[in-house]
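In the two complexes below, chain A is the common chain; its partner is chain B in one and chain C in the other.
Take a look at the complex of A and B:
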């Protein structure tokens, strides 16, 4: 251990160095016991990966997923687009609570079917009470929507500029990218769930089990989306936290998020906050906008608005 | 390949906790500097002036309208239609759109049935029916052109497709139809 002490004095120890030296002793025992590959155990923090590392991880994961799911996957490491800060708008005066977005998100992002994980939670609220989380119903069940006395408020990750979840992570497994997307490295997450406690929006979800893609009721197996991003919708291991990434695998390719594409009423808007001509910039300038739990100073980049 | 991090990482992490924090503080302060420096370059903005819309959502075999209407006499009387279009579109059209003040030929051109017309008589193609709607719903058309009302698909930083008003609103009965919601999430058993 003396070697490590020397390095800390110089403040240049990396996690990898540490593991290599100090922890290699335990590696054999631990790795053997957990069935995790040596490469994954020794993987560096995302921000320190070299191009070579990225190539190897990509190959390793793609091989692993193909073996497991019987089809070819692509795991992208695409970086943020320069001069881009993503913002999202949701028109409360349009949303009808049909939940199409919830399931489009599940399919696009390979969310666990069993146990069920939904990144989007659509809340039904009484028109007479306004936006009020104490009178919100997540489990409304109606023949037809919208109900005339209610309005609907879908909530997912608010992609805060000042994200409390990031600060709560003891190992820096979650951070805000330059395009504003808060991401999780599933290979780095230790499953402590501090971030979940810190998130005021209930937007983080824990994979208690290895995700299953078979519906427990219908026994129907859903097809996985093979177009994935390392920081987004790639198949998740057990015991980690995941969350909405504004469909990083789509939006960094210039596409709209899946929830925007599916919304039958056009209540969902998405674009670049730094572009004064984007639809999201137009909304911020011209419409009545609200953000959730403003008093917490989380500075969401998810804006609710009234277009009418 | 099952993973079970908790066993080993928690031990390791608590060991290296403070070392890691110190190093991470250093690295994250660097990245912040680089942000938001350059303004958006002009070339990044793609010209999206041209409005791309899907074809009008006609019922099958109804267009061109002139196929029937060319030889028919125009009857400008407001009336209940019988044996007009039900064969092709399932039911007769009954106006529920400001019907007290309107009739079909306020929108459809009497002479050229394959076109719509504006209040001043100018003909408008069905592909541009939004121009007709916009005559009476100006603010909605403005928002639609900005991508705020209605829906855009395609690319947030490139070519976009707009849905026509008529994709969401039946011009004859424009109130948006209610939908059956997808299933509610499962309730977690309380622990």
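Take a look at the complex of A and C:
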């Protein structure tokens, strides 16, 4: 307790902050026993963090992760690139349903192996029925893909311009960034899962248990990706929601998302919608695109198209 | 200080009782401990201890929450006739309706709390301290109206009991506006809870404009059903007094509410079945099952049939005024609405999920234990509050009587 008091004295605090801290200090004492640090407990909303806060959080998380996973992590807070609005294109006629993107995403984004979380869900659909979720099979298991009578529709976060999940969140723990990516602050999320009920694409996933990186069947431990972003692929705590971020840790550095790079048939395209010379702009201009559940007015920035 | 006296005497009253009272309390404590052991394992290991998964991400807890909000809202069922129309036979029992409301709101809030994945960060929801997403998030609104409703009812009840204790007339200027406010508040808690589901365009099963009206209609049935039985128990076991006439009147009002509820239900079924769009799939899951997945079909039909039988029992004056059929009706309504607002509301909304996939949800033992714990806490709160209220209103626990007793000694 005395340590907390000293710290309060040292800080130059506004009245509001003072009230906040005062109300929270007592609770923080209780929290001590619950496995999270008081700094994490008292951490403010992402948009209210000062540069100093960001520095401290970065340091705190990097130390925490190194201790837990035995390797050095970098947690980036890189902001959106100006004049950039990310868009995604997926060529339905090319996708062969191999699910390489699913696993590349798991590795890149440090998704929990047990319980299993997949940000990309590949649906197998009957060719004769077209794009129709009521005839879709997520758990198809074939020796060889693609199957002659089926086509494949990978679904991940559609990065809506009008995201229902953001509206639903009671504590503003999720929002749309300037580059169009919908992100979650894992440290602010309370785990109510209202966003999951609101999402029409099943794109939001809950960490029902503390993420584990050991395969429950093979007992193989997977290697974590240490290049992380605070709003993206850093290791997640238990009891919060995560989702596809267009690989924010990569795309804000000018790289492609992992799923785009791995796709063996080049079905995945990615780029800046505001740049008329980008590949995604070319697709929108020259191909016929469709978006999922357009009647819900979510305005996805994830476009499906048929290149051939 | 009278207020300290009031608290002290209330505390004493709660500790005194016959062997039935003590056995009841002991039973509740045992259930709280048994249920609590399940909840603790959930706290330690996370919500993975439940059978919820990404496709069915809200289930048993939120179903119970919804039901409890309905019960809490039903306090108005008694406040309206008693205070707006000044209908005497019910007036004296309004206070018990409000005690039920308080207990039910506590249970509703607890059901939300146990459903939260990261409860330690709940302070993010405290207005001005955290960051409440207003006016956008319905869940944010819901937390506000539920907490206000809780504070409001607690104020009314404590004030009423305290004035009874002082043997003074209550201040109408203070109390009547609060009571009148409690009516729209009761409507609002259930409406906002309905909007929480209703506003989710991703879930066609809930995205129906009839949802909020239906919530209100069913609450007008389930809340009084609880009260009908509680009043009879209290009448038998304590000095609580209520006329038969009042019970029959409540039952009559329930019959009308149930008619409206069934009518709304029929309208929804018509719309879905006749238009036969893809959205029908959720009704199919509920009433006939999809493939081999018929888990909730039995519950769905039980709910509809029970509700209908109860409607008839409460509609016909002869069965309404016979205590055996009256009580059967109340139990049937309770079960009917409990299913309707719980399992039959939540699981079909999520099944099939937004990508058309089916995950068959059944509550886990931990979920059942946690639910039993919350119900027992609710019953405990209600028992203790009622004990005090009965003593003050019917058993002459007040400052004058206490002074007299002291002088005699």
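The working rule: the second predicted complex is superposed on the first by the 282 of 308 C-alpha atoms of A that agree within 3 Å, B and C clash if a C-alpha of one lies under 4 Å from a C-alpha of the other, contacts with A are read in each partner's own complex, and residues count from 1 in each chain.
What we mean here is this: contacts are C-beta pairs under 8 Å (C-beta built on N, C-alpha and C of every residue); 3 or more make two chains touch, one makes a residue touch a chain.
Quick caveat: nothing in here was measured; it's all calculated off a predicted structure.
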State whether A:284 touches chain B only (first), chain C only (second), both chains, or neither. neither
Touch test for A:172: chain B only (first), chain C only (second), both, or neither? both
Now for A:121: first (chain B), second (chain C), both, or neither, which partner does it touch? both
Let me test your reading of the model: by the given contact rule, A:131 touches which partner, first (chain B), second (chain C), both or neither? neither
Under the stated touch criterion, which partner chain does A:64 make contact with: chain B (first), chain C (second), both, or neither? first
Based on the superposed arrangement, let me know which partner A:210 touches: chain B (first), chain C (second), both, or neither? both
Per-residue contact with chain A, leading partner among chain C and chain B: B
According to the stated criteria, A:49 is in contact with first (chain B), second (chain C), both, or neither; which is it? neither
Have a look at where A:202 lands relative to chain B and chain C in the superposition and call it first, second, both or neither. second
Do chain B and chain C land on any of the same chain A residues, and which? 19, 23, 34, 36, 121, 138-139, 170-172, 189-192, 210, 237-240
The chain C residues in contact with chain A across the complex are 45-48, 50, 52-55, 57-58, 112, 115-126, 128-133, 136-140, 143, 196-197, 200-203, 278, 281, 350, 352-357
Which part of chain B faces chain A closely enough to touch in the complex? 1-10, 12-13, 15-17, 19-20, 22-24, 26-28, 31, 34-36, 38-41, 44-45, 143, 146-158, 163, 168, 176, 178-187
So in the complex, which bits of chain A are touching chain B? 8, 11-15, 18-19, 22-23, 26, 30, 33-37, 40, 47, 64, 68, 81-85, 91, 96-100, 102-103, 116, 118, 121, 138-146, 170-172, 175, 178, 189-192, 210, 237-240, 251, 254-256, 260-261, 263-266, 269-272, 274-279, 282-283, 286-287, 307
Give the list of chain A residues in touch with chain C in this complex. 16, 19-20, 23-24, 27, 31, 34, 36, 41, 45, 115, 117, 121, 123, 132-136, 138-139, 155, 164, 166-173, 188-194, 196-202, 204-210, 237-241, 296
